[in-house]
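Chain nomenclature is as follows: A, B, C and D, assigned in order of appearance, with residue numbering initiated at 1 for each chain independently.
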Amino acid sequence: MSTILKENLIGLDTHRVIKVYLPPGYNDSKRSYPVVYYCHSIFSTAEKLLEDGKLVNVLEQAFANKIIPEFIFVVADYSSPTTGSLYENSPVSGRWLDFTVHELVPFIDKQFRTISHRDSRAITGDFMGGRGALKLAMTHPEVFSVVYALHPVATGAGYIPWAANEVNWKKIHQAKTFAELAGDGRAQMFVAMAQAFLPNPHRPPFYCDFWMEPDNGEPKLHTENTRKAQAGFLLDQSLEESAPNLQQLRGIAFDWARYDPTPTHVYSNQAFTRKLEDLGIEHEAEEYRGTPWNKNWIANGRVYSRMLPFLGRWLVFEGKE
Amino acid sequence: MSTILKENLIGLDTHRVIKVYLPPGYNDSKRSYPVVYYCHSIFSTAEKLLEDGKLVNVLEQAFANKIIPEFIFVVADYSSPTTGSLYENSPVSGRWLDFTVHELVPFIDKQFRTISHRDSRAITGDFMGGRGALKLAMTHPEVFSVVYALHPVATGAGYIPWAANEVNWKKIHQAKTFAELAGDGRAQMFVAMAQAFLPNPHRPPFYCDFWMEPDNGEPKLHTENTRKAQAGFLLDQSLEESAPNLQQLRGIAFDWARYDPTPTHVYSNQAFTRKLEDLGIEHEAEEYRGTPWNKNWIANGRVYSRMLPFLGRWLVFEGKE
Amino acid sequence: MSTILKENLIGLDTHRVIKVYLPPGYNDSKRSYPVVYYCHSIFSTAEKLLEDGKLVNVLEQAFANKIIPEFIFVVADYSSPTTGSLYENSPVSGRWLDFTVHELVPFIDKQFRTISHRDSRAITGDFMGGRGALKLAMTHPEVFSVVYALHPVATGAGYIPWAANEVNWKKIHQAKTFAELAGDGRAQMFVAMAQAFLPNPHRPPFYCDFWMEPDNGEPKLHTENTRKAQAGFLLDQSLEESAPNLQQLRGIAFDWARYDPTPTHVYSNQAFTRKLEDLGIEHEAEEYRGTPWNKNWIANGRVYSRMLPFLGRWLVFEGKE
Amino acid sequence: MSTILKENLIGLDTHRVIKVYLPPGYNDSKRSYPVVYYCHSIFSTAEKLLEDGKLVNVLEQAFANKIIPEFIFVVADYSSPTTGSLYENSPVSGRWLDFTVHELVPFIDKQFRTISHRDSRAITGDFMGGRGALKLAMTHPEVFSVVYALHPVATGAGYIPWAANEVNWKKIHQAKTFAELAGDGRAQMFVAMAQAFLPNPHRPPFYCDFWMEPDNGEPKLHTENTRKAQAGFLLDQSLEESAPNLQQLRGIAFDWARYDPTPTHVYSNQAFTRKLEDLGIEHEAEEYRGTPWNKNWIANGRVYSRMLPFLGRWLVFEGKE
């Protein structure tokens, strides 16, 4: 039951499901454990992430094979009546960063035997949740000290300019409800972005402005809104100001699949790691063979062979500095 | 009324519409004119290409401003009950190269005052029609001596491997008619490709094999079919053998838009020009700001400021060598 | 004899050679002409640019074929004891923007029958001079209204981060004179950049700081200097603030060669045009087959078939609005 | 003392140094061990590879931390009076593939307690040695069953066409001895390529043809030689015929650094993995942050955290299937 998420204009359910995976030794020990938080992507939920059992399989294999010492794994529900959280604070679509830091983490620390210290907290996630993981790392180094983002999106402006993107703006401008956008994931996504980064509580039905505004019935680039939305959504735009935060982290890594059907995500991640490099921020940044969805939760996949060893190297476990 | 196109298994209409634009001076002169043939793209027709009047506007402006001397412009109908011609000879989806060379060109030469010589014939087209223009140039230098392809596709394997492409193969494998693929342009396109390059007259309903074949109900990469389809469809694969043909041309040019929503087309064209370079084939190859659809038929656009001056430079006009 | 360039710490010659090409009709007419200014690249001079006669050939061919009405062509000498002007104002390496705007242009307007108005002045150049042309356009729309940059460099951070660039920093840090860097164009270039963007009049011998500073004898990334140098040198970093200036121009174009042996230049130009697009700034941006040096001053080359028609379209000539 | 390498025209020393690292437990056990062969790069030797001690450190750390069971590590000397082996059979520059397979491997199997079976032999290497590792895997699956190539080169034609490459061909054509090319690594390399792939025993001083041949004193593209040299040197050109061999391997992996100062290597590796994908060949292909030289032999580097776990997963060790 979130208090923070009450503040929104899109009908968010303030009862949030939280899925917690306790490691095999938890019940028989009195030890405290590090916690790995996971941000799921848009059009997903905490339940969907776990339903096919692959995620738990990978964790159990990793603990069995001593790839990493035991930890607690937490994934909250970041879904919404629109596309789901973009992991931002917005008066229209919810203050998701605040929810994570001020409600979720304290709740977990209270309910379970966690090591309640940044050195023992990691933030992870995939796709839009990868953006979430990086954003939380960039803004809350006092809470998390290790980050691993699996194929994050929105790390940069990408290959195709926003002005040249194919979006059905007319449909968006004419829609009276979000339901009218059903079946057009792209239109839904662009409305969610506008709600998060161009909120305008006085402009129903979506309570936001757009970077393509109607102009005599035709969509027309609004450069000021474009700049504002990019400044908020694209992580590279706040990288310079976040650099001191990132310098405090113990470990930073992200990876991405070469064959995302939206190559702009690939291009953006390549640009993002370059910017980190010139800011002198140590990190890992690997591009791998695969799609954003087919290599994470498999045997010897990205999580098992890359993310978990990385977390094991940088998180502080009990009895270890 | 095409005899050649009678041979097909997809229900082609053998009555083909041919649109001919005669230049302003044609009726009042006795001169003969060069002919520029244009290959339209899939999901289009000769009529659609002309219906908004922009094409004729550009030609008239160019003649008025002496950008190029007058010529005859011809666009035949290459549509089909599936997606339209891929500009190939196939026992299943039609022998379109033969139709063009053995029926269309002789027909035009018979009906109009053309200069009926390769030096005065150019082949042009856009998108899949750009592929057609290049393919005709690669195979019939005895008919055409100048080629300008506007944003051709299928010039190379592209950025995303076929094995990693997102296609609804299950739907294709289960479909009983082409109509069942309505609304899924990607599935339609991949069937058309299979019909052109993996024809199999004994396998209804589509009379073709696939590079993803069903394997216990799941699509599975069939590497032999993949190689065969790529060898046929992708122009770079036959470039080496076509090199002597291309060496005979008077002028070769193609261009492409940077912001094709399918960046694999951009990547392929970049690779194609490199291959031409190493084969020692002189040509122009420009990448421009725009999408494949928004720069061709406008004032000072690609056709007006790039293609027409190029054709004017290399075609032989009457009274000029 | 420049007054402005007296202020420098690298021994600039204040006598500057200015090459002026008057069009064929100049002497026999009383008309006034537009002026096209040209910025040459580093390691070059006004004299070198003209010495093989190709440049004048191209201009004469263009006038003869009425590709563009006649204009006056001016190229000043931007060479220096180091690598030449980077087209910036620096207390160490010279105030070159000021020299161009406050000395060169007024001098030309005084000596020749020019149309002394921004509508009839274009700024052009190649490579580092292409950067100069864009920089002057971004900062002085009151002087120039048309810009065409041939393969500009330093338009963005490029593919390889500065932190990962191969430069012999030890040699730079140990050098006592610029002459010690002879034969290492890369080292010379990086010193010139530091002199322009990290000037430090109190630090001989080069009077500048570096983004790799010596740290116990080893070069170490200095992130603050890196940010400062990038902010100054890379044009995309000041694009947002220059947008209102660029919006005032009549015509903006640049192009670049696909096969620059330093692909980071290609990558940067691709990123630069995208940024312009999202800022809503109309422009042309073509990538062509060639190197930065082999397509400009040839028959049917970039200058003849692209730059001059563009200038002709946007400059105001006498008797024409 | 190699018999095979006697056949050459460049003065190869037939006494070859072979460096063998025996694992810590070798002397105190009677076990047999898998063997990992390593191909060093051009301008290097077996001794240089080992001289700074980092390589042995990484191996010892890996054995100590049980990253991989113990194995024997072998690196032979592939240097030459020119640039070193390109890992090919050439009548001019030596039959290096034959040397490796018919002399080196049998010699090692005779001298040490190896598991003399393909299942327990891996071939590895970096840069040109990475090419060597892949080439040996593509041609000798009866000898090696696991391959890991660190930043291989020559896997494809790359970003810049050979015809547009900057090479001092005049110097090459005029040189009377290899020594005259001293200091120009690029010229040396291109001669070595020509000796390997365009051998011509009747044409001193280099006993080879070139893809840029002199033509009235000017270098001119020779397209037939270009095709022949590319077909031999570029691994992607023989990938289709090698596919059945690669299908027999237990494990295939390669990786590459994003910041190779020659980005054509990066581009080629990206194209190479795509081709493998469409041939249905399972493999790993990662692009990482770094240069080709700064991430291999460090703590948590590519060898320690990527290559050795991969070898451990696929090699057959004693008492393990």
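By our rule, a contact is a pair of C-beta atoms (placed from the backbone, for glycine too) under 8 Å apart; a residue touches a chain by one contact, two chains touch by 3 or more.
A quick note: this is a predicted structure, and the numbers were derived from the prediction, not measured.
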Pair joined by the larger number of C-beta contacts - A-B, B-D: B-D
Length of the line joining the C-alpha centres of chain B and chain C, rounded to whole Å: 41
Centroid distance [mean C-alpha coordinates] between chain D and chain B, Å: 42
Taking each residue of chain C in turn, which ones touch at least two of the other chains? 159-161, 164, 277
Chain contact graph, described as a line, ring, star, complete graph or other shape: complete
In the complex of these two chains, what residues of chain C are touching chain D? 159-161, 164, 166, 259, 261, 263, 290-291
Spell out the part of chain D that touches chain B in their complex, as residue ranges. 157, 159-164, 221, 223, 226-227, 230, 240, 243, 271, 274-275, 277-280
Touching chain C in the complex: which residues of chain B? 258, 270, 273, 277, 283-289, 300, 305, 309, 313
